[in-house]
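So, here's a batch of structures to check.
Here chain A shows up in two complexes: once beside chain B, once beside chain C.
Then we have the complex of A and B:
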């Protein structure tokens, strides 16, 4: 097996690099096609000596000749991270390990739209952290609710780790946005290019799907293969330098924090971090369902599983032939009651009872403390018992 | 303790919030009410689980008598549990004790007699299509379904390929329904829209 040297992924801040721009650690989704060559020093001009960090050598003379270098760079220099009280407070507030240094923390706050250099922005960290976060969220959802339909699974993943939620998380951590990115900004602020007022969002140009036309239907199965973890299309070529909505900047920051925790403290710490900050939030999964033909779907379900044909029966009623009657209808398969619903008419009560029965089927859970596959990574874990895997949602 | 438990509903109604309840109910009307009459009126018989019988435990105990509520979707019925689930054995043990199988099930919602399925041969289907082609005005779906003792849904499936163009009939039916809805007044229209909205809400289970 090939050993991954993770310390190298964020360690380019410390070492002098002479690697060409083509093999920079860039992430898949944020391939930067043609970056303008640029020279960066990680420290101020006073400390310019051997420990100089440069990437390309074309504009070297101009950089040497200039004196105060703070304002030249699109993002704050390295040593500003150690003087920022905001950054230290954020580090302490999140109860992060001392292994995670402050300048990595500062790097998580620099969006690619603020600093397009992949060695100084959070693109790689947020891609790594996003993968870790969506892995933990999806494994928890799949093991806790093994029968969820694909649409509900996408919606639940979006509710747990979508950009809107991550913006809330970032704001709850006390991170504020800088008015405009720049080298003079306190590194404790989230830096990205904001959208101008009245400026519309960039419409997505293309996706990585093989569809030749944009209006082709996107089925659920193809979303699993081609689209991202929320069932949305992945843009073909992301342009990082463009201004972006605040929620996306916050989302990439939170993901970058997860990625940096993973790099510096290990996978167990990253999992604990995701569990504490993302999975601890309460989501009403039962409210994510929307049915179209529940009566038919329930009868197909009973036929598929070999249950007796479901029959709607009147459990109780009051006020029939009055202005506000209430019927309580139960769905019975044989002598077993599958669901119950109340409504002002028999049809509506029956629909509600069928929806209730279907939700009871889809929301089956082996228990809230069910084991997930990542628990096997710790040493001395008990033998793995296979979790329940459902054959899939009802097709009607 | 037990004596206090028996009297508790009355005490609750008459003290604190209960006073407010009585005054709200009788705010506009004046009755010949007195303390004695009110107390007598509110002295309803408590639930049987609150009463002391020979079977009730002699020591301090908790009375579990929750108010009725709609069942939660997170309580999976026994039939929906997978075979390897451990709760299946546990529930199977207690199911006989807690909710015994009723001898009579509640009455079904629809009492309509079931229309037989899958009893028509190819010759019958050809006959249906021939009748419709020859006399389309006379043989509508309802009449055909009565003649062949099948559902009108099945008739419409058979007739979809018989060569009879029913677009004119469809348009006429749609226009008739639209004319009917145009003649509705605001109240009936609102009631209809509310009904549709309620069904949408029922599909989302809100």
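Then we have the complex of A and C:
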């Protein structure tokens, strides 16, 4: 497979500010990318105009020449990234490679709600990092727990890479939020427009699903196709520059860090980063299940798999006629015991035993260090052996 | 949908996978005039650069605190602060205190009585009276 030249793509991250961004010629961007990264754009206009070659003879904006340019922009200028000890400390704390420069790190901390200019906020990095993160999380979940029902798989993906978790990750990295975004803020703070007290959350308008009516049933299979990695609908038009909850700002920051690691250090480094910071976190997947009809589901499972019909038998009991009886019920399929549960009544104990048996089935795992598809990207990888693929849920 | 997924969040285990140093910031406060800052001033002049270079993950600030004893303050990721007064200490002792603050995790000091703390469920399980053959009276 041909290697991707990521360093070429990352060159576009070194753009200097000029408005409007959308009409800037590409050739100008290339020139700026070739500059040494430590250049200070606001130091003097003369020095800059010597270095910059403008092919279409465009005049430089006055912004470059003014010395107090900090307050003009909605986010900190490029040079501030090199003077921020907070940002350098964060870079070192995350043990990031020197290939990842500080101004990219500063850019990951600027949310679109703070700076709507796509050249200076983390929207693109966060989009990239989010898909890399959800790819690694989902391939690990699918290969490690191949029998998880779709709903539980969505919940597990949410537990590993959902906004609540990513907010905790961002806070555990020691990132604080700026009181209000602005050009004068230290670039080591997370910048976004905060929701005002009492201000309601914006309700989602529409979705990208092709349903003509909002009340149409949203089945599991269609969620896989149309919805996001957690099974939630994707809004039709995302308004980027509106105030947003803190957890979403933290989530896009963490995703943007993953994206910038990918862009500057490559896919192997991004995978290691996701493994170390996201997949190493603790989750009991057995606690994500909620069964509605476990007894029926277990009998259907046995019928489907050709096991003998499951029978519930009392294993032991105490105090049947007392205030606190305890029954221990086992579920047997022929001579095999599928599960066991204890409860204060026979029905309750049987239900718990069924849940136990079903969890034992669904949580089958070929081992925690099973191979995942992304391991094939390494040069000289062993031949791929197909992983276990399950036929799916027992009852939909 | 007979099985439903419950939304939860994973719990971080610092050191499993990545390790994040819990000390975020160290503030060094000194006084130019008072004698109790002598060792601190010597530390700031001679050893601080090396200390900062060895610990890039800690943000370091130095600021005067006139007519007061010298203090090192550590700020931690859990939001707590720890301050140590380093009056009349020598340069080496100040360095020791700075390293102590750097290595601390910001929690209140507490007595550790059990060697292992774990959030994993017990492998052995809790003893159950119903699986032991019962007590025959």
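The rule is simple: the second predicted complex is superposed on the first by the 331 of 396 C-alpha atoms of A that agree within 3 Å, B and C clash if a C-alpha of one lies under 4 Å from a C-alpha of the other, contacts with A are read in each partner's own complex, and residues count from 1 in each chain.
In the analysis below, a contact is a pair of C-beta atoms (placed from the backbone, for glycine too) under 8 Å apart; a residue touches a chain by one contact, two chains touch by 3 or more.
What you are looking at is a predicted structure, and each value in this text was computed from that prediction instead of being measured.
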item: First, second, both or neither for A:164, with chain B first and chain C second; value: second
item: Partner chain in contact with A:149 - chain B first, chain C second, else both or neither; value: second
item: Chain B versus chain C as contact partner of A:92, first or second or both or neither; value: second
item: Which of chain B and chain C A:350 touches, first, second, both or neither; value: first
item: Which superposed partner A:363 touches (first chain B, second chain C, both, neither); value: first
item: Contacts of A:371 with chain B and chain C, given as first, second, both or neither; value: neither
item: Per-residue contact with chain A, leading partner among chain C and chain B; value: C
item: Touched partner set for A:248, first chain B, second chain C, both or neither; value: neither
item: Which superposed partner A:290 touches (first chain B, second chain C, both, neither); value: both
item: Partner chain in contact with A:218 - chain B first, chain C second, else both or neither; value: neither
item: Residues on chain A lying within both footprints (that of chain B and that of chain C); value: 287, 289-292, 315, 342
item: Residues on chain C engaged by chain A in the complex (per definition of touch); value: 1-14, 16-18, 20-21, 24-25, 56-61, 77, 119-121, 128-131, 134
item: Chain B residues touching chain A - in the complex, by the definition given at the top; value: 70-71, 73-82, 84-85, 101-102, 105-110, 198-199, 202-206
item: Chain A to chain B touching residues, read off their complex; value: 286-287, 289-292, 294, 307, 311-315, 329-330, 332-333, 335-344, 346-348, 350-352, 355-357, 359-361, 363-366, 388
item: Chain C contact footprint on chain A (complex, rising order); value: 85-86, 88-89, 92-95, 149, 151-156, 158-160, 162, 164-165, 168-169, 171-174, 188, 220, 275-284, 287-293, 296-297, 315-318, 326, 328, 342, 358, 362, 393-396
